[in-house]
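Take this structure, written in structure tokens, and hold onto it; I'll ask about it next.
First chain written, first letter: the chains are A, B, C, D, E, F, G, H, I and J, and each begins at residue 1.
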Amino acid sequence: MEFLVRFETRLPTTLSTEEVGALKSAERERALELRQAGILKKLWRVPGRPATVGIWEAPDATVLHEALASLPQFPWMDVNVEALATHPQEV
Amino acid sequence: MEFLVRFETRLPTTLSTEEVGALKSAERERALELRQAGILKKLWRVPGRPATVGIWEAPDATVLHEALASLPQFPWMDVNVEALATHPQEV
Amino acid sequence: MEFLVRFETRLPTTLSTEEVGALKSAERERALELRQAGILKKLWRVPGRPATVGIWEAPDATVLHEALASLPQFPWMDVNVEALATHPQEV
Amino acid sequence: MEFLVRFETRLPTTLSTEEVGALKSAERERALELRQAGILKKLWRVPGRPATVGIWEAPDATVLHEALASLPQFPWMDVNVEALATHPQEV
Amino acid sequence: MEFLVRFETRLPTTLSTEEVGALKSAERERALELRQAGILKKLWRVPGRPATVGIWEAPDATVLHEALASLPQFPWMDVNVEALATHPQEV
Amino acid sequence: MEFLVRFETRLPTTLSTEEVGALKSAERERALELRQAGILKKLWRVPGRPATVGIWEAPDATVLHEALASLPQFPWMDVNVEALATHPQEV
Amino acid sequence: MEFLVRFETRLPTTLSTEEVGALKSAERERALELRQAGILKKLWRVPGRPATVGIWEAPDATVLHEALASLPQFPWMDVNVEALATHPQEV
Amino acid sequence: MEFLVRFETRLPTTLSTEEVGALKSAERERALELRQAGILKKLWRVPGRPATVGIWEAPDATVLHEALASLPQFPWMDVNVEALATHPQEV
Amino acid sequence: MEFLVRFETRLPTTLSTEEVGALKSAERERALELRQAGILKKLWRVPGRPATVGIWEAPDATVLHEALASLPQFPWMDVNVEALATHPQEV
Amino acid sequence: MEFLVRFETRLPTTLSTEEVGALKSAERERALELRQAGILKKLWRVPGRPATVGIWEAPDATVLHEALASLPQFPWMDVNVEALATHPQEV
């Protein structure tokens, strides 16, 4: 089942440049794993914002939550999830 | 997977009392079938409103949509669906 | 450039069953043409609502508007368009 | 009487890992007591958020408030309560 | 248990003056009964609007819903209910 | 004239337990004075929140403001005031 | 006591030009009376909308409501009232 | 002084095709006059909606209102006006 | 041209009592100058909030902005400006 | 393609006057470059707020995002982007 997931990430300003760099690099790595696992299917950037819109696929919302919570930046992400149904024209 | 489904039903005032009665009776019958199929698990009334909050279970949002769309009053229902994940304390 | 397009369609209740059928069939046909033209890339149904979320691609918002306005049900669609930027991980 | 209770918990970042661990463990323990007392009936996680949706039962809103306020994380919870009426189909 | 109930009533313009008069008179009569039953405790008018704010008392939201639904103008009322807890200073 | 006053109080986390205790005790004392003066008529707690809903009476909004501003916790209160008119059924 | 009153008026399209003319003329006349009575103090038009913002003065919200309800277009006005307190700089 | 003006136009479905055509043609003509008068400076279409965003210039909001109200489709336009100040970089 | 200006001021809690006193006194002084210049015409307090509603007059939004920005508390003010048109009844 | 871009900038209060001055001067310089590159076409100030509304032009939302992200104050800007289509009257 697919989900439209929107999140905005605001890292605390108390992190050092190195910490931010390490976080972002770990984030990319984990995102890549989620792509290879077929959970993260597509990501767009919301222009002008530290935010993304994405299409995610998971058997249910519990697995989706675990995938999102496994992202290193998760503690600083404000996430909104919308369940999507298959459109008849897509079948 | 479970969903929190909220809907509000406002039948058109052009329906006759008989039509309304028939619709409501068909609605109850279909809801009963959905309960027996394990899709509609629990329903509450929102006090003061022609609205319900309910817990629904379906393999995915597509099956949920079909269940909701099979309700005779569906054309006059304003529906909002929220995907729910299992809480760790429930396992 | 890609756009996230969300629309909800509420046909007037004064249309006959035949008119609705003809409109829906014309809608599917036009949507198919827009898919073949590469403008409509993917469509999902919002569960419980007469609404879709979709990914559309067009050189700019003017061409996108023309594509949306060419849909036979356009006069009864409430449409929201969000511009999407490419995510660095997608490159 | 049942209530739909939604809350989001954001612990202050100044707490140490030990303090967070102790709080979470105390929270689970108190939640368990509220379940055994029949006040907390069911909990779901909102996917992607540090938030829950739950069904709570209490004789009135005063007892419900006391139950919620007895949770160790209450000072950092943003809580919304919605009164639910019994649906005629449930009787 | 007490509830803060807010409602706005907009009767359809197709009703005749007599029908409106009869409805309003029946509304007052039923409201009086609810007052005598101790369910409707206090009512205020929202200045400038066909709306009221009131304090209602009922054992639970189900009884409250039945009281509200027994008002003759209920089909044209948009009602919002908020559960109230006793304030420690009131005890 | 009566007012529906809703406020939510969030004391800063930098206050010591003693300071919070002194503030709360001063708050109760001042609230009692306002009750005796007939300005604060009735208070409810919003379940799950550090918030109250209340009925206040004052000759005008200026006197009401002064009463609210005299509360020791006023600097940390987020207050909303709604003017109420007498309902014809109350006369 | 002063109030900030905002209203938007949308007359039904079923009224004839004569009826609209008569209503508008009666509205102006009643507004003039309310000005002379010192209740309506100042009116502005919201640019681009069939709406006004105004300063009204009345002993309380009940008298204000009666003044607003005495306007011939009241049944088609959507009104919002905000209580104002005297600013210390104005004294 | 410049204004950002946003409006959405929904003509009633009871108008005949000829009436709609005449209205749209009169609208274009009046818009052209407002451009020539320097009041309407620039117009964009909101993609997917019967709506425009525009930059208008007028000595004040009263003259702007008169310009907007002179548009033949004004009775069916929902208009929002935002006052703009000159940006220091533009001087 | 007149503007309805609403602002809410929340000074940082890090300011000393002296600094707050000096700011408030400078604010009053500057407000007085703006009154004498005919820019600030009338101010009300929003009951229960550190907020004001006011009528301001300026040739355009640029001059209004400069007047608002000249207030010593401007960095801590959240300001909303609404352009007002002259009402035909005021002419 | 043109975009309506609205942003509000709130620099952290921990920056020194020199840092703020340097940031603002770098911001103006970069904005000038974006104007010369034809990306930033026009900017207005929102009266009373540390905010701007502007018309930007870019081949797509990705290029627009890069331009916005190149502004030195970008980390403290809250940005909203709206895609604009060409209006038929502008052709």
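Everything that follows uses one rule, which is that contacts are C-beta pairs under 8 Å (C-beta built on N, C-alpha and C of every residue); 3 or more make two chains touch, one makes a residue touch a chain.
Source: prediction; values computed, not measured.
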Problem - If a chain touches chain E and chain I alike, it appears here - result: F, G
Exercise for the section: Name whichever of G-I, A-B or D-F reuses the C-H interface, so over half of the contact pairs are the same residue numbers. Expected result: D-F
Handout entry: Mean-CA-position distance for chain H and chain D (Å)
Key = 51
Handout entry: Inter-chain centre distance, chain E versus chain F - centres from mean C-alpha coordinates, in Å
Key = 25
Problem - Distance from chain I to chain A - Cα centre to Cα centre, in angstrom - result: 43
Completion exercise
Distance between the CA centroids of chain F and chain I (whole Å) is 27
Completion exercise
For chain G, residue numbers touching 2 or more other chains are 3, 45-47, 61-62, 64-65, 81-86
Practice task
Indicate which of the five shapes (line, ring, star, complete, other) describes how the chains touch one another.
Solution key: other
Problem - Contact pairs between chains, per stated definition - result: A-B, A-C, A-D, A-J, B-C, B-D, B-E, C-H, C-J, D-E, D-F, E-F, E-G, F-G, F-I, G-H, G-I, H-I, H-J, I-J
Fill in the blank from the handout: Within the complex, chain D is touched by chain B residues 2, 4, 28, 31-32, 35, 42-47, 52-54, 82-90
Practice task
Going by the contact rule at the top, pick out the chain C residues touching chain B in the complex.
Solution key: 13, 45-49
Practice task
Would you pull the chain D residues touching chain E in the complex into a rising list?
Solution key: 1, 3, 59-62, 64-65, 81-86
Completion exercise
Within the complex, chain C is touched by chain B residues 3, 5, 7, 12, 61-62, 64-65, 68-69, 77, 79-81
